[in-house]
Structure formats: structure tokens, C-alpha cells
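Quick one: this structure, given as C-alpha cells, is what I'll be asking you about.
First chain written, first letter: the chains are A, B and C, and each begins at residue 1.
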């Protein structure tokens, strides 16, 4: 058999060696870092409070010294609102992505470990989730339960769990059937040890790539809901929210809508670019 | 004399396999009425082609799969049920090494950590003692601590298999099942591995069940050899004797096919017919369609494994018939 | 093959059951249905009568089955706003939504698939790159942003098209464009990668090497094989169309089912929401079944006996 050293060694060495990063990815990373910093320090960098009214300066165009991005119909500074919106939208997106990744992975592992009825149940649920448009189901839940931020995060946390579950289940099954999981099991390891110490680290890269695919979609979904007035409620502001408000004044003051819309698009794009690059680097066999 | 370490009594295991989407489920008798005993410190070699059920037998003997019927006793006590705490604790006394060493190792962890893992799992010794034991094990399989720091991908096939072996020996088990451990290695490395196994067995008084399709390797390491065909044992006896004077037609064909110094290639028995399909087992003696000496009885009656002198047992109507005639 | 379809139909039925169960659970979990459907101002006798009529005092299992029965009979409650049966409200708006989604579906396919095929056949060319870039835009630009941008450009700046309402066929242009463009880009990308995967297969090279003309290779070998995965994504696209319709109808004030849903959710008009939920479920299930049938038909491996889907 082969005595050749496999290429994978490089990926697992402790030294982090950064191969050449394409320009687009570098830009994307810069943007995301900027977004994260804004999210962390929004209140400190914002020139005004995001609900602060300046009724004499309503619908001011961007470019003036007092309000770089202009003001909205109530004289609120668009830039400040944008910064706070970024924070809220990112918070929701991170929270939701974390929840769905954890829930999905756990369910996938449970299905792979117990097989039988548990697996069929999980598969049924993933099929169900995948076959119904999430927006419709989210709207139904929002109609029935009303609206609050924890509910919204929890609801968004159900977005995309089925993708993690499918991946986790598939990879866990193949790991269990042969290979290191079976070997460690017959060393006498408990199932939790096998899953947490062996299987999970090995599938982490695939899950992370999925996260970069799900994350932008969460942002888009939450923006959509907020745009329709059914997501983040005032006085809180989110990117979708701002676009929703800006719609009324599209003719007179398009900047109200353009600033958050551009942010949504560029952020989503940036995460997708990073995700594609990660996928190519970590697992070229993935589609 | 102390009781045998491993006693296997009449185990059977059947799988239901769907041959086609609309077909009836075909029952595959992977293991059929297999009995073995393995005395302490000895090696039983289990030989057969693919589909003979030897791997499944190995797994059942180790308790990795429950038999449908029959029993496995280890050190006088029955095997614990799969997946229970007792079963996990028992793992410290019995281990397996596999055909694919790369698949058996976690690519993301340095191999020394993986050798240590059984000690961590069973909580043996202090961390310092575990590290020392890892070094000891690396020495035992003729590797250095530098090797231990590497990842599986950075080692050769032979080195990986040694790591797997070191890991298997970490808890000082009494019993080791080796399922085709050298089949995936280069021929020159195979010899080294087998020698290493023999040495370690002598040093540590290991009891081995060595499963392989390669007769040369089995011959080198086994005290007793059992030959399997389609789930049943067709011949069993002490190694040298069995290879020198095989009785069962299948064993004869196997022995004649494997090259040995001094034997001429003339007189090779070539089997006719297709390789066996476990899902479509012939009636009577499973070997009869390919047997050059089959008689009518072979198609209707399954031959039982019976003693034919010395410690040899053969499942063949012709052989047992002749033996009883001779004894009479 | 019969078995394949039986499984699929079974799954479809199961999905409907799950959706109904989902609606039931959410409904019950969120509070007293009587209060919610009748409103907090309803007098206590009305509430009590409602509870009795709907069997809300019965054990939960009985309620569950009654719920199923009511839905099967089409008794989906009345809208809180005007007291009309929810199902009527929904049904009368379906034509408006279809007027948008059917053309959009058609355009998506008519634009997206050829673009994807062309891009795959001319890999690395300018068109290919253009397709890839618009495809990226397709899934990073949300439909509401696209809608507003189109309005900004075509209605506000250029004044060519109206920005809302349903008065003339011209009003439909922007909504349909919004619905189709995003999806077309995604479909183009998907078709492209399906084609590329097929074109990379050894049998394509063999056909070429045998002297078959490239055109024939593409039409007889590549396209049919690439059609198979593409068909499966069409079913998914129906789902995105429905979701897209909700947003687009809201932006363009188009009186379809999507807009009704948003308004109903805002007003917590549960009967209407429930009704639309079930309608969407039926649509999704039907479209998935159609896709499954198409798939089973197109993939010869499934047509012959003994193949595994």
C-alpha cells in the first residue's frame, strides 16, 4: 500500500500557514471585520442616538457635515441608525446561526447514533423543514405568537437546522460504520466521547462551511421579515426595518433605504465569498 | 491446564440482505455453527476467502456483534452485552487491529495522543504514567517518540499499523484479534509486521486470533489453523500439520495455490466454478459445486466437523467416511 | 417504479399531516384559540359557545382529530376583519398571485436555463463570467431590495412604469421582473454547474472521440443528463417563488395571497393565516410530487425495475 504522505497533513499542522488570499476574499474579510467592530462598538461610534430626533433637519440629503448619511423623516441620523441596525441584525444572525447549528448537529448525531425510529423521526422533520418555505412558516409563528426579540431569535434559530442535521447525520454514519469511530468505540469509549472528541472535530470544517452558507440567508430572512414590519419592531431598528421605513420616502429621500440595503447586500456577499473560499480550501470535494 | 481463554460455542449470524429492490430478502448465513477454542498464549489462524465469514466471526468473538445463536465465553465468563458499561470495561482486556490502519486512526490527532486514548478512557495511571507508557509502547513497536508526534497522514502504512498495534496493547490486553492486519501493506513490510507480532506475543503472553486470506502469513504466526468456507469451518488442526497434510479438498486447493519453497507448481489444484455467493448457498456441503471429488451425498447432506485423528477435525463426507473406514 | 411513487406519495401525505399538526400545535401553544379568533372584546357567552362548538373543552387528542376533520371539510374559520370565511378570502386572491408567479416561473426558466447552459458551454468567456456575477447578485440581493431598486430606477427616475397597484398590465412588469430576475440568476448558476459536471464525465469524452458532432453530444448526452438535477431544483424554486411573492406583493401593493398573508399576520387574523399556510403546504407538496414524477420519468435508472432512487 502507500507509503506516501498525504496532503492533509498541512491542514492539520499546528502552525497556521496562510496561503495567498485572493483579493476578493481579503476585501470580504475586511468588510466583515469592520461590521463586527461596528456591531461591538455601535453606540460609541455613533454620532447621535439612534432615536434622537432633529426635526429641523428632516429628510436631509447625505453629504452634509452634521449628518454624513442624511436624516430620515423624523430627523434621525441615518448613519447612527445604520450602525445600531448593523449590531442588531448581526446579533440576531449570529444567535440564530449558533442555535440552528447546535440544534441541527445534535439532532443529526442522535439520528446517526440511535438509527431506527429516532432517525426516521429526524429525517421526517428535516424533509418537512426543507419542503416548506421558511418565510411562510415564520410568518405563521409570528402571527400566532406575536413578536418579541427572544422569539425572533429563537424562530430564526430554526432556519437551516436541517442542513446541519443532514451533514452531521451523514458524516457520523459513515464515521461510525468504519474507521476511527468504530476503532475508538471498540477501545471502550463512551458514545459521547466518540462524538465530541472525534467525530465533531472531524466534521467541523464541513459544518463551518455550512454556517457561512446559512448565515447570509439568516440575514436576508430577518431583513425580509423586518422589512414587512413583522420582524424587529420599533423602537429597535434593524437593517430590514430601515429599508422598510425608507420605502415610504423612496422618491424624496432614497438614501434612507439605500444605506441599509447596500449594507445588507455587501455583507451577504462578503460572507458568501469567504464561504466559497473556505469551502475550496477545506474540502475541495464538496460541491 | 488452565481453561482456554476464549471459548466459542456454535455461534451463528445471519443477515437479511435485499438483493434487489423488489426481490425477496435473501438470508446470508455469514457465520454458521462455528465453534472454536483458543488456549492462553496461543494463536488461532482463521483462513478463508472473502465472503467466508471470517471477519464476522472475529467480530463476534470479540463481542463487537452479538451472535444470533451460540455463545462466546472469555476467561470462563460469557461476553458482556454490546454497548453496556461492562462491555466497555471488558475492552481493556481484548482488542482488535484492522486491515486499514489509516481508517482506524483519527487524522486530526497526533498518534501519540491516540495511543494514549485507551488509558484515558479506562482511567489507568496518572497522566505522567500514561505518557511513560506511551513511550514504552512506541519502543515496543519499534518506533520513536518523534514518530509519536506526527499525524497519521505523515506516516507510512507499516508505521500506522504499528501505531494501531501500540494503541491496542496500551491496556495490556490478554486477547488480540487481528483482522487482515497485513493485507494492506507492502509484502516486505508484511514480514516485519508478522515478526513484530510474534515477538510481542511471546513477550506479553498474548492470545491471538489471526484472520487472513494469506496462507503464508497465517502459517508463520499460528499454532492452530481453522479454514472457513461460506460461514462454516471445514477444517481445523495444528498449523504445520494442516499445511503439510491438508485433508479437506478446499484446504488442499488453498495450500496448493500458495507458493512454498520446494514444492513444484505441477499438481496445483485449480477450482472450477464461480466463487461462492453467500446469499445463494448451495445445498448440502457448501463447497460441493466446486469440489473436484464431490459425490452424490455432498449435495444433500451437510457434513459435520468431526475428528479424524490427532487434533484434526474435518467437515467432509469423503474424509470422515475414509477415517471411519480406516478406524473400523 | 411503482414503489418509488408510493413512497413519494406517502411522504407528501405525511408532509401535509405535519403541516396541519404544526399549525395545530402553534395555535394551541399560543393561547386560547377562542380568544384569538374571536378577539378579546367578544362577550363571554360567545366565547363559551365558540369553545363548545369547536370542542375546545375536549381532550387534546379529540381536538386534534376534530381539527383535521374541520380542515378536510374546508371549515377554516372566518377572518377577524370582515367576518367572511377565510377560505373565500384566500381563494379570491389566488388569481392575482398566479398572474405574477406563473409568468415569473416561466421567465426564470426561460432566462436562467439557457444562460446557464451557454455559460457552461463557453466556460471562461465573458458571458460565463457575466452569468456567474449576476448569479452572485441573485442570492445576495434580497427580493425587497431588488424590488425597491427597480422601482427607484424605472418608476421614480425614468418614470416608465408605475410603482404600485394592479390597474393595468404595465403594473405587473416590475413585480414579475423582481420575481424572475433573482431566481433566474440562481437557476443559471445551478444549471451551469450541472452542465459542467456532466460535460466532465468520461462518457462525453468518449462520444466526442467517437466522432459524434459536438452539437449532438450536447443535445443527446449532456442536456438530458444535466436536466435531471435541474428538475429537482425547480421544485425548490416553487418554494422561493411563494416566499418571493409575499415580499413582492407587499412592495407593489399587489392584491394577491402574499399581501393578504402579511396583513393577516400583522392583524393576527389567525383563520386567514392558517388557511394560507395550508394552501402553501398543498402547493409545495404537489410541486414536489410533480418534480418526483418528472425525476422518476427522466432518470432511466429509476424507470427500470430494481433500481434504487
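Note that a residue touches a chain if its C-beta (ideal position, glycine included) is under 8 Å from a C-beta of that chain, and two chains touch if they have at least 3 such contacts.
Predicted, not measured: the structure shown is a model, and the values here were computed from it.
Trainee: Taking each chain's centre as the mean of its C-alpha atoms, which one ends up farthest from the centre of chain B?
Mentor: That would be chain C.
Trainee: Just by CA atoms, which chain is the most central one?
Mentor: A
Trainee: So which one's got more C-beta contacts, A-B or A-C?
Mentor: Top pair by contacting C-beta pairs is A-C.
Trainee: Report the inter-chain centroid distance for chain B and chain C in whole angstrom, where each centroid is the mean of the CA atoms.
Mentor: 56
Trainee: Rounded to the nearest whole Å, what is the centre-to-centre distance of chain A and chain B, using the mean of the C-alpha atoms as each centre?
Mentor: Distance between chain centres, rounded to whole Å: 51 Å.
Trainee: Centre to centre, by mean C-alpha position, how many angstrom separate chain A and chain C?
Mentor: Here the centre of chain C sits 23 Å away from the centre of chain A.
Trainee: So in the complex, which bits of chain B are touching chain A?
Mentor: 62, 64, 88-92, 95-96, 98, 100, 103-108, 117-118, 121-122, 151, 153-154, 156-158, 164, 167, 184-186
Trainee: Which residues of chain C touch chain A in the complex?
Mentor: Residue positions touching the partner: 11, 14-15, 18-19, 22-23, 26-27, 29-30, 36, 136, 139-145, 148-149, 151-152, 156, 193, 239-240, 242-243, 246-247, 250-251, 261-262, 264-266, 268-270, 273-274, 276-277, 280-281, 284-285, 288.
Trainee: Once bound in the complex, which stretches of chain A touch chain B?
Mentor: Touch list, chain A to chain B: 1-3, 5-9, 12-13, 178-180, 182-184, 186-190, 193, 198, 201-202.
Trainee: What part of chain A is in contact with chain C in the complex they form?
Mentor: Contacts found on chain A: 124-125, 127-128, 131-137, 139-146, 216, 220, 223-224, 227-230, 240, 243, 246-247, 250-251, 254, 257, 261, 264-265, 268-269, 272, 287.
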